[in-house]
Structures are given as C-alpha cells and as structure tokens.
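For reference, chains read A, B, C and D in written order, and residue numbers begin at 1 within each chain.
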Amino acid sequence: MDLEAVYRDLHAHPELAFTEHRTAGIVADRLTELGLEVHTGIATTGVVGVLRNGDGPTVLLRADMDALPVREQTGLAWASTETVSDDDGNAVPLMHACGHDIHITCLLGAVEALNGSRGEWSGTLVALFQPAEEHGGGAQVMVDDGLYEKVPVPDVVLGQHVVPYPAGMVGAHPGAAMAAVDTMEVTLHGRGGHGSRPETTIDPVVMAAATVMRLQTVVSREIAPQETAVVTVGSLHAGTKNNIIAAEARLGISVRSFNEEVRQRVLSGVNRVIEAESQASGAPKAPDLEWGERYPVTVNDPASTERVNAAFAAEFGADSVLHPGALSGSEDVGNLATAAGAPLVYWMLGGADPETVRAAMAAGTVETDIPTNHSPFFAPLPQPTIDTGVRALVVAAREWLA
Amino acid sequence: MDLEAVYRDLHAHPELAFTEHRTAGIVADRLTELGLEVHTGIATTGVVGVLRNGDGPTVLLRADMDALPVREQTGLAWASTETVSDDDGNAVPLMHACGHDIHITCLLGAVEALNGSRGEWSGTLVALFQPAEEHGGGAQVMVDDGLYEKVPVPDVVLGQHVVPYPAGMVGAHPGAAMAAVDTMEVTLHGRGGHGSRPETTIDPVVMAAATVMRLQTVVSREIAPQETAVVTVGSLHAGTKNNIIAAEARLGISVRSFNEEVRQRVLSGVNRVIEAESQASGAPKAPDLEWGERYPVTVNDPASTERVNAAFAAEFGADSVLHPGALSGSEDVGNLATAAGAPLVYWMLGGADPETVRAAMAAGTVETDIPTNHSPFFAPLPQPTIDTGVRALVVAAREWLA
Amino acid sequence: MDLEAVYRDLHAHPELAFTEHRTAGIVADRLTELGLEVHTGIATTGVVGVLRNGDGPTVLLRADMDALPVREQTGLAWASTETVSDDDGNAVPLMHACGHDIHITCLLGAVEALNGSRGEWSGTLVALFQPAEEHGGGAQVMVDDGLYEKVPVPDVVLGQHVVPYPAGMVGAHPGAAMAAVDTMEVTLHGRGGHGSRPETTIDPVVMAAATVMRLQTVVSREIAPQETAVVTVGSLHAGTKNNIIAAEARLGISVRSFNEEVRQRVLSGVNRVIEAESQASGAPKAPDLEWGERYPVTVNDPASTERVNAAFAAEFGADSVLHPGALSGSEDVGNLATAAGAPLVYWMLGGADPETVRAAMAAGTVETDIPTNHSPFFAPLPQPTIDTGVRALVVAAREWLA
Amino acid sequence: MDLEAVYRDLHAHPELAFTEHRTAGIVADRLTELGLEVHTGIATTGVVGVLRNGDGPTVLLRADMDALPVREQTGLAWASTETVSDDDGNAVPLMHACGHDIHITCLLGAVEALNGSRGEWSGTLVALFQPAEEHGGGAQVMVDDGLYEKVPVPDVVLGQHVVPYPAGMVGAHPGAAMAAVDTMEVTLHGRGGHGSRPETTIDPVVMAAATVMRLQTVVSREIAPQETAVVTVGSLHAGTKNNIIAAEARLGISVRSFNEEVRQRVLSGVNRVIEAESQASGAPKAPDLEWGERYPVTVNDPASTERVNAAFAAEFGADSVLHPGALSGSEDVGNLATAAGAPLVYWMLGGADPETVRAAMAAGTVETDIPTNHSPFFAPLPQPTIDTGVRALVVAAREWLA
C-alpha cells in the first residue's frame, strides 16, 4: 500500500462524526483486499477487520476516523477544501485537524505488515476503525451496537494518537493518561427587550459574563493546586443585535479531570455557580443544562504500558521513547477496553518536525510555533510519522501475538 | 383610502432597511393617485411626495418604512410570514415589530386628508417616507443623496412614533426627547487552541466576560447618578464548540445618552475598558472597534413642541395628551431637521389597548403584559391608533399651514 | 457675636455624633446669653433655643453639629488636630469636613439677628442644633426623645447646607431635593484556611469581589436609565495576611435613590445579589446584613420653596439664587418636618471661592480642583459664606414670621 | 529534659518573628547546660549550638522558633494568652499556630540524645534555631549575618515540620517538596470622594474587585492544568465608611508554585492583570507593588531523601513512613542548604490524633474536623509527636554521623 497516498487522500476528504462513509469505504476495501473478515456499519460507519491466525491472544488495534469542522489553513498541497451543509444550509468547512487520517493510515499499514508476516506470530488481530471520536462517543456506540458479539473479545486494546512531539518518537504514560471530559450546553434564561430599557429585561449577556468569571474560581479556588482540572467555556452565544437584549445565552462548557473525586467536585462547583449566577440575575427560570460528550479517564494498564514502552525502546531506541505524562485531552478508546474487560495501552505518536521543535524550544516559542491538535495549522509530518506509527502498532501487537 | 387595509397589507409584507421596494412602490402609487409630485429612489428606496398649495410655510411630515429581523408571534390574522435570505443563505424572518407600518399608513392618511382639504390651508406639504431607520441611518443618507435639492426645504419637521401607551393618546416631550445612540461591533482578539490546554491560548470568552462585567461600571460609577446613560452589550459571540477555545469574541454594543458631555464620557469609558481588558488578558493585538449606527439626541424645539401639544389638546382633549418624558430609544429623524435648519417636533402615538394597559397598571404587570417595540408580540391596535395618528399629523401640520 | 471666631473655634474642635458635648455647651451658652429658653440634652447632645415673640407662626431653624473621622489636610490656621480614641484605643483624627461648623455659626448669627430685631416680627422661633447627622440619625432620635413635647411644634422647618458652589449664592430645589440613603454592613461568610490550600476554604475575598462586580449591575441594568440610583460599596475588608484565607469579608454599602419605588427595587436587587453570590461560593451560611443609617428622600415643599427662593432673590439678587437640582447626598432634616407635619425648605449655601470656581470651570477641572464635602481639603471660605448663611436664615424665617 | 514541659512552656509563650527573645534564651540555656558551643544573636534572635565529636561529616539540624498573630482557640490547658502591642498600640494575640514549639522541643531532645550517645558516632552536630520563618525570611538573614563564618558549614541540612497527619508518622518527599512563595502588597490608586457622587471618583473597591476576579484567570487559564500554582488574595482592605469612596485599596497577595518557569509565568500574569485593571478604571497612577516574603521551592535532594526515608522505615516500620507528596506550603529552610552547597532533607512529622484522623477519613470530614497549621485550633498531640520527632532527627542525623 502507498501509505502516504492513502494519508493524503484521507486528509483531503475529511468527514464528520458518523458520516465517515467515504473513509469507511476505503478502509473496508483495503481490509477486504488484504483478505480480512470485514464487518461494516457498526455504529453506522464503524469498520472492523478480523485476521485469525491460529491460537493465541486476541489483540485489538484501534484507529478513529472522524474529522472536525475547522477551516484548514495548513497550506498543504493536499489540504481539505471540503465542506458540509449544516441544518440551516450553511457550508461548514472540514479538516482532519486532529490527525485521525494518520491513525487510519498507520493502522492500515500495520494490518498489511502483520498480514504479510503471519508466519511469525499466532493469535487473532482485530483492526477496529471507529467513527465519531470527536463528537458522539463512537466507541461506546460500537459496543452498544453489538461489537463484541460480532468480533472476538480482545485480550488487550492498543491504540495511538498523533501529537505535536517530534516525529519518530512514541510512548505511553502509565495510569491516568488522558483526562475525563464532561461537556454540557447550558442555556441561561433572561428576559429580552430593547437595549435602551434594560430595567424591563433580565440581561442574559451580563448573566453569562458573570457566570464565566465565577466559573474561573472553581479551578482557581476549589480544586487542590496539586490536582488537575480544566473548565473551559468554549462557546458563548447571546443576542443578534447590539441594541436588542436577548432572552437567553448559551454556553458550551467542557470540564476535564483525572480522577473521579476531582471530577465530581468540579462538576458540582460548575453546577452551583451556574445556578447561583442565574439567581443573582433574578432569572425567570433556572438554567437548562444538557450533557454532551462525557468520556471517562483514559487509564493505561501500568504493567501492559511498561511492556509496550519496553518494546518501543527495543524497536526505536530508548531516546525515541516519549514520556508524555498525563495529557489533558480526552479519548473514548477506554470504553473499548472496559467493555472487553481488557487492559488498555494508548500511546502518543510524535508528528512534528523535530528540527522545528528543537528551534522552537531553543527560542522558547513552542506554544506559538508548533500547531497543536485542532488548530487549523495542524499538519503532522507524513514521514517519519507514518512509518513510526505503523511499526509502533506492529511491535506493540507482537508483544501479545507471540 | 382604506387605511386599515393598507396597514394590514404593509404589516404582512415587512422589508429590511434599504430593501423596502414593495413598500416604496405602494407609497409612490398612492401619492401619485393623490396627485402629488413624487420623488422616488432617494437613498435607494426613499419616497417623497410634494403637495404645493399656494404661499406659506413648508411642512415636512416624515414616516419611516423599514422592518426588523424578528419572527412574529402576535397571532394576528395578518401576521408576517415573510423571510429574507442572509449572506449565508439562511432564512431570516421579518416583522414590522417597531410599528413603521402604522407610521406609513398614518402619513398616507394625513396626505389624503390634507389633499382633500386644500381649500382650508396654504403652503407646501412634503410627505417623506424614509428607508432604513432601524439600521443604516436612512435620514442622513437621504440628505446626502440630495434630498433638499429635490424637494423644498421645510420650515418645520414633524413626525411620530407608535409606542405602547394607550391608543388614542398622543404628545411630545420638549427638549431632549430621545437618546443619542452609538453602536459598535468590537472584536476581541485572543489565541485559539484546544479546550484542554488553556495555557497555550488566550481565552476570548474570559476576555469578553471580564469586559462585559467591567463595562457595567461605566454606568454605575462614571456617570453622575442624575444623568442618563445606557451601555448594552446586546450580542456576544465566541467559539463554536465547548472544547475548542476560539481565537476571538465579538461584542455588539449600544450606548445611549442624552447630552454630548455624557455621551463622550461614556464612550471614552467604554473604549478604555475594552482596551484595558484586552491587555489584562495579554491579547496578541488590540481589539477592533467598528462603528455602526450613530444617531444624535433627538431634540424637540420647545416652542414648536408647546404649539403642537396645545393643538393636540384642542383636538383630542387635554386628557389625551401624552407626556412621554425623555425616551431612551433613538431616532434619526433629527437629521432631517438639522440638515434643513428647521425645528423638529417628534411625538409619541399611543398604540396599546387602553383596557389592557389599565388592567396591567392595576396589577403592576405593565412590563410583562404590554409588549414593547421590537418585541415579537408588538401589535398596536389598528384603531383608534391609525385615526389618531392621521389626525395628529394633520392638526400639527395645520399649525404651520395656515 | 464674632461669628468668624465662633466658626474657627468650632472648626478646630470637631466632635463625632452624639459626643458633641463641647459644641453643645458653646451653643447653649450663646443661646442663654441671648436670652432664649434653652433645652439641652435632647438626644444626648441636642440643644434647642426657643424665642417666643408674640402671636404668629412657629418657625424651626435647624443646624447639625457633628463632625467626621477625617484627617484634615486643609492647611488652615485653625485646622483640626483633634483625635478621639476608638474601641481598640486607636487615635481617630477628626474634622468638620462636612461644614456643620458653618451651619452652627450661621444659626447662632441668625438667632442673634432675629433676637435683635424682635420689634420687626412676631411668632415663635425654634433654633434647633441637632447631633449626629452624619451617623446615628440624630433628627429622629430627637423626635423620639420627646422634642415636640418640649418645644413648640413648628409650622415650617428651614435649614441649609454649605456646598462647594460659589460663596454668596444660595437656593433650594423644589420637590425631591436630596436622596434617600440606606446603608448596611454585610458580612459574607466563607471558611478560612491557609493560602496554599484554597480547596479547603471558601474564599471570602473572591466572594466579596464577585459580589461587588455583580452589584454594579443593579444600577447599570435594573434601574430605568432616567431614574437615579447609586450603590456604593464604600468599604471592603477581609483578611489580615497575604497567605491566610480569612473566614469572612465585610462590606459597607450605601444606596441612594429619589423615589420609593426605585429605592425598593435597588434594595431588592442588592439583597438578591448578595445572597446569590454567597450561594455561588457555596458559603457555609447566608450573609449577615445589618442596617445602618437609613434616611428618607428630603422633599422640599414646592410652594414653600418657591417662597423662600423668591425671598432669596429679593435679598441677594436673582443672580445669586442657586438652582442646585436634586442632590444625591442625604439628610435627616426631613424627619423633623415629617414628625411636625410641617413643610420643609432645605437650601444649599455656596461656600467655595467664586474665583477658584470660575477658573476651574474654565479649565474643566472642577472635579479635581474644588474639594467637596467630606474631603480632607474641604474648607468653605468663611466670608461671604457666613454672612450669606445668616441672612438666608433670617429672610427665610421672616417669610413666616410676619 | 522534660520535653513535654518544655513544649507546654514554649506553647504558652509565643513570640513573633525576630522577637523570640524568651524562646532564644531558653534554647541557649539548654544548649549551654548540655555543654555545646553556643552562638546567640545571629539575625537578632537566632541561636546555634555546635557539638564537635571527632572527625566526620557536619550535620545541621534546624528548628524555627517564631509564632503567629492568631488568637488561640484550642482550649488547651497551656493555651497562649499572650499578646503584643502593634504600632498603633493595639493588642495582637499570639499563638504557636504553626507548631514551631514542637520543632524547638524535638530539636532540644535530639541534641540531648545525640549528646548522650556521643560514643556511638563521630562528626559535628550543628543545632540551629532560626528566627522568623513565618515572616521575615530568618534563614537567609542568618546566612547574611555570617552564619557559616561562625559555625561549621554542614554537609547536609535536615529538618522537620509538624503537620496534621497521624502522630507517629514521618517522611519526606523527594524533589520539589514545598512550594516557592512570593508575597506582595499591592496598593491600587483610585480617587476618593462622597459615595453619592461616584462620577467624581475612581472607585478603588470596584478596581480591587475586578482585579481579584481577573486574578483567578491566571491559575484557571494561563497555567497548564498539570502544573501547580496558587494565587491567593489573602487580604483586601479599602475604605472606612459605607458612604465615602476611598482613594485606594490594598491587596495582600501570595503566589505559590513548584518550578521556576511556572513561577515566572504566574508572577507575570499577576502583574499584568493588576496593571491592566488599574488602567481599566482610569486610575490616576499605576499600582504600587511591594514585595514581601519570597521563598524558593524547597527541594529535597532525592538520594539523601531516599536514605532518610529508609532510616525512618527501619526505625518506625514501613507503615509509619509518610508520603506527603509535594506540599503547597512554603519554607525558607532551603536557603540554609543552598548557602552551604549542601543537600537538604526536610520531612513532615505527623501530629494529629490518629483516631480522630481515622474517624474523619471514614466520615469524609477531614477538611472540617482536622485543624491545619495556622488554624486557631491547631494543637498537635504532644505524644507520640515529640518522641517521634526526636527520634526522627536522631536517626536522620546518624545516617551521616557514622
């Protein structure tokens, strides 16, 4: 397979959660060409290839397939110009801004490699291509859609995520490796009216602003400094005209945490602030809170993680093993492991130009110079990223596939 | 003319600023039928009828024609279901939520009445139908488009606005009668990134929230309590997703005031806060401020106002003369008077059901029960509102047209 | 009487509310010397002189006597260096920073003048020297202490306040002339602890800061722009050390308004905000609110005010009649009139150097150059202020004392 | 020595930083009685005893001596009723609320024990009793006062702090064990005036409130969630009366962090916010910032820490070794090690009743039931705390004193 060509094609044709039809078609075709048993349509667009190769453990390798509503600004020759129409008929630009195109490509490459070396191992390989990681919780939807009735239950779940560390590096963090995330859409209810008569209204913009300022104190004052929590109000929308006071404001909030106690404490604080600030405004009714994505902490099994990191050190050299620490991003890959009762190892795969990283570190400009996931400028270096990702999947899988 | 039919037809077919083509067509047709000299296309859709009736002063009567992007919820049989497509192809609902349909109807009725009674007065009547009062400053645009080179320069400018006072009442406030308004769109610049890594970003939602909270202090602390000023952040928009920190936030702000010193002080305070809050966030660049509508204080000439109110008292009875006080709404009718060097009298015309007002005042529920201008429920009672509005224009005009 | 000497002596020896013993002694001595019937000890330090001079109306002239805890910085030769010990034994500096020394002096002068011209009028003069206007509500305390059982009930209550208008000017505002004031001390309850472990505390400084910011919105959003209201958090105290989180914060709040509906609306808003912000913090108990001074609106009887202003115009010339408008300061003199069922006229007496005012107005520096009441720099020009104040009291009283 | 009696006496007689005269006298007397070479008056009240016992390494054991301005509420029979007069003559209550009395007692006990077992070890013991740990940076002041010219330069610096962990437990955290602290007093400049005329003022209470709210965002938005930082505004003072707007507000701020990069980032953010919020208010001049205590990160040498913890495990059993983690409290003991170029091991000594801790943990009420350092209820159990502390110092010292 010309993996770089696969990657460039995927990158140029991003698709949103649960609509990864073109992507799933390509994946299914390639798996079929390689002779795997192919399951499609799990959770709408999920695809799973099974390669049975004698006795031995079952290893699940996972890639996620969905893209983001971001207008690409990478300037790549293969940059996306795709859009999709939203409910109102607006054109929404699309981009593989989180690198799932790399994940798919590497997993296809790993399947090809393991298929080509069937003589060297035995066991069962499950190559799972999941929809809707960004939005929709595709992992759990696949489980709920009967995943483990259709394919063998794995003994270990493995996967990777490309990140802006130097390309060529790879490694997993034992224990709580990625954050729990809880997202919500909050509607604050005021009372609308003309901007010249605020006294007849209950101003939702002020209510929202006070809420945002107060929410900062949940992290700054209510969580132990040694603990990790994030409360982000990512979106805030109210009103249509500068001289009309709207009737409501909508806040899109995401909360991240690394253990259940902190998680509950933050969520409780967020909820308390939202309700009290509504009361401080004399709101006509309590705010509405609608939960969105809620992902658990991604916990890497320590023993399995040590095993995988050791295999990486053997394959790439100890200097190439990343120690990413606990990341505040979130993932739903853990749901695949939890449902199987299997250990998880989910590692980070460097994708940034090592030279650029080095220069930025020297200049102290990493944060401004190195685009991160979800940035319109996020553009992992195709190589050695893809090679490394393929080899990482293979050597990790081979730890179990003796 | 069947004025109620005219009103219902106009109400059912609202049009936005500078696109009042259907409305202008109807107006021009009626004026032509009545035999007036008709000027169309002034400021795109403005229409002016001139009725020369011998020597004497020139009186300009003004009505405004544009509607609002509001989804009507009045339940009227003639409610608007019209929409217009915005730049992104979305359907924007339209409504005469400010009562300009009443203004047009009354002015057509007044022209008909004055035309039918030409034997009783002499002078020149200028019936001006202005586009774009809500948005776009149509009055000044008409002046700039050569209005007073095309039609006689008036000795007095008269006009009216329907408001939720009891129908049948009418009256003007001498001096500063309506507020100056200054509107602006402010873009606050942050730095976007993933919601889990706030430290790599400059969060525009927090910047906007702090700005909104701080803007409250301009009115609460910087303006003398006896002075009148309003700072409304009518719209606030930032971000698209709960877990992505956006790069910017946009605030739509309107400022109202009743004298120039206060106006300058408030605007200076607003500007200072916006800049400083941006600095407090460490913004990568200063905020952008784009001015929108900027209308001056609407100043009724005291002597002329006394004259008009006296004429109303004679016509309708002293009990029917409104004392609206200074209103915090804004108008651009003053630009027509200023450009002519003529005095202005701009009065308020009651449009609410007197019984409903009485009951609401008794129950202390005026603010919740009586829909105000710009509300989706704003529905002036056609009668006696239209009759009163026609007679008010006629008797006021006749004060000058001897 | 050498009124300037009296004034300089009073100025040099300020006393706080209800401790005006020296001042009261001087006043009582002078009234006794003039032969009046003198009542002392009403409301601890109140003094009233009664001068019965035949049939006719009873006129009450009122002066207030207390000073403020301000460290004088006027540089006057007769500046105060007095202090008083507080509960903790600290020395509190004292100053007649509100000009009550001028009020006393002028009233003594007016009594002397009216006493010396007894042949020209008849009726009863009540010269009332009230304690505790700044703090303690001395007027009502005098009423409650049996004032009108001890001295004749007046037919009119008259009084004056020195203000930083040009000396030589004097005049009253009809109707609501001075604001209602409601003051309160609020204790917000948090939970203390070490500054390094905020998560074990409920931070009262953050609670107080959020409360202060939210309180701004009561004026900016909940009161009609045409109405007048002030919410000032004059004092805010929490904590003793930068690294210890305190258990509580104390806010000293004053609210001013000019009519009862607005007053209730503001107080309700203030209360709502304080409670809700406490809840937003998860406070262990609701805030405590202790009312302090609560003075009603000072309402000048319109007809009586017109009469007094006319008398001022006759005495001083029309150019010397002030039109102070409604002032946002507060007074308890109204309680003396209300308890008597009598009309009130309370006027403003200019005390600033006219030249300085003129220069400051020309330079636009009035606010920075002209010290106002309560400023450590407030120093009314002794003359012509005292002369004008004496004559104003006499001519106003003589309007009733025919 | 009757160590409990020593402790009760010290507890009953607390002294503030650099005024520990009585305490220093007791310490010097005991050291002299034990035959040590005693140096007094280093940094005013510092005392150092030197015990030379043949060849071998020099070990510095450190205790701090100062107490806090806290009104004791422990109800102990030996509770402090001491006070000290402040600059204004007020009585300030004093309490050993941080447990330094325990530290002194244990170190005296350890010196006695090591002195009594001189035959078992050789080397030099330096017993250092430092003034002013809470306030004044006594460690560096001792260094600057020629400490290491007067006493031998140590090969290792050891010390301990009593904390509300179960008594009988003891242990050190390797690496960054306690936070850096930077404290500052900030004066925000407004413009004072009467509370009824906010427009003539620049309200420092509002300025301070906005600053406090904005400071929350430094931790919540500018520091990586995985990093540890605390910004506490421990004190906030402005104004004296509810109706007078003050001219300034004073904020006492402490900042904690665990590495230099985060420290600089937080301090930079705090500074930026303070300046910008001052500008947002239109302050007449920039805020004044006066630095207070600034202590570096307390870094325990990892190898030495492992050695000490192992010695503790041998002495007390592995179950009795605390793993306190990095604590957000701060210390200046590190300055003694840095100046000597020696490794530091600073451990935590449990002082709470184990039963109470167990019950509180079971009930989830640790935070409310177990008083922490600086609380007026902080009362370490004398035993086994003192015994454990003595033995811990001895066994740790003996690791070097072979």
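Just so it is clear, contacts are C-beta pairs under 8 Å (C-beta built on N, C-alpha and C of every residue); 3 or more make two chains touch, one makes a residue touch a chain.
Each chain and its UniProt protein: A, B, C, D = Hippurate hydrolase.
Computed from a prediction, not measured in an experiment: that's the story for all the values here.
Asker: Counting one step per pair of touching chains, how few steps separate subunit B from subunit D?
Answerer: Each step joins two touching chains, and the minimum needed here is 1.
Asker: Tell me which has more C-beta contacts between its two chains, A-C or B-C.
Answerer: A-C
Asker: I'd like to verify one number: the distance from the centre of subunit A to the centre of subunit B, where each centre is the average of its C-alpha atoms, in whole angstrom.
Answerer: The computed centroid separation for subunit A versus subunit B comes out at 49 Å.
Asker: For subunit B versus subunit C, what separation do you get between their C-alpha means, in angstrom?
Answerer: The answer is 44 Å.
Asker: Which integer distance in Å separates the CA centroid of subunit A from that of subunit C?
Answerer: Distance between chain centres, rounded to whole Å: 65 Å.
Asker: Would you mind listing the residues of subunit C that make contact with two or more other chains?
Answerer: 179, 196-198, 203, 206, 210, 213, 216-217, 220-221, 224-225, 230, 256, 328 - these are the residues of subunit C that touch more than one other chain.
Asker: Touching subunit B in the complex: which residues of subunit C?
Answerer: Residue list for subunit C touching subunit B: 179, 213, 216-221, 224-226, 228-231, 256, 325-326, 328.
Asker: Note which residues of subunit C are touching subunit A in the complex, please.
Answerer: So the residues of subunit C touching subunit A come out as 196-199, 201, 203, 206, 210, 213-214, 217, 220-225, 227, 269, 272-273, 275-277, 279-282.
Asker: For the complex, give me every residue of subunit A touching subunit B.
Answerer: Going by the criterion above, the answer is residues 69, 88-91, 179, 181, 183-185, 192-198, 200, 203, 205-206, 208-213, 216, 230, 232-246, 249, 252-254, 256, 292-293, 327-330, 367, 372-375.
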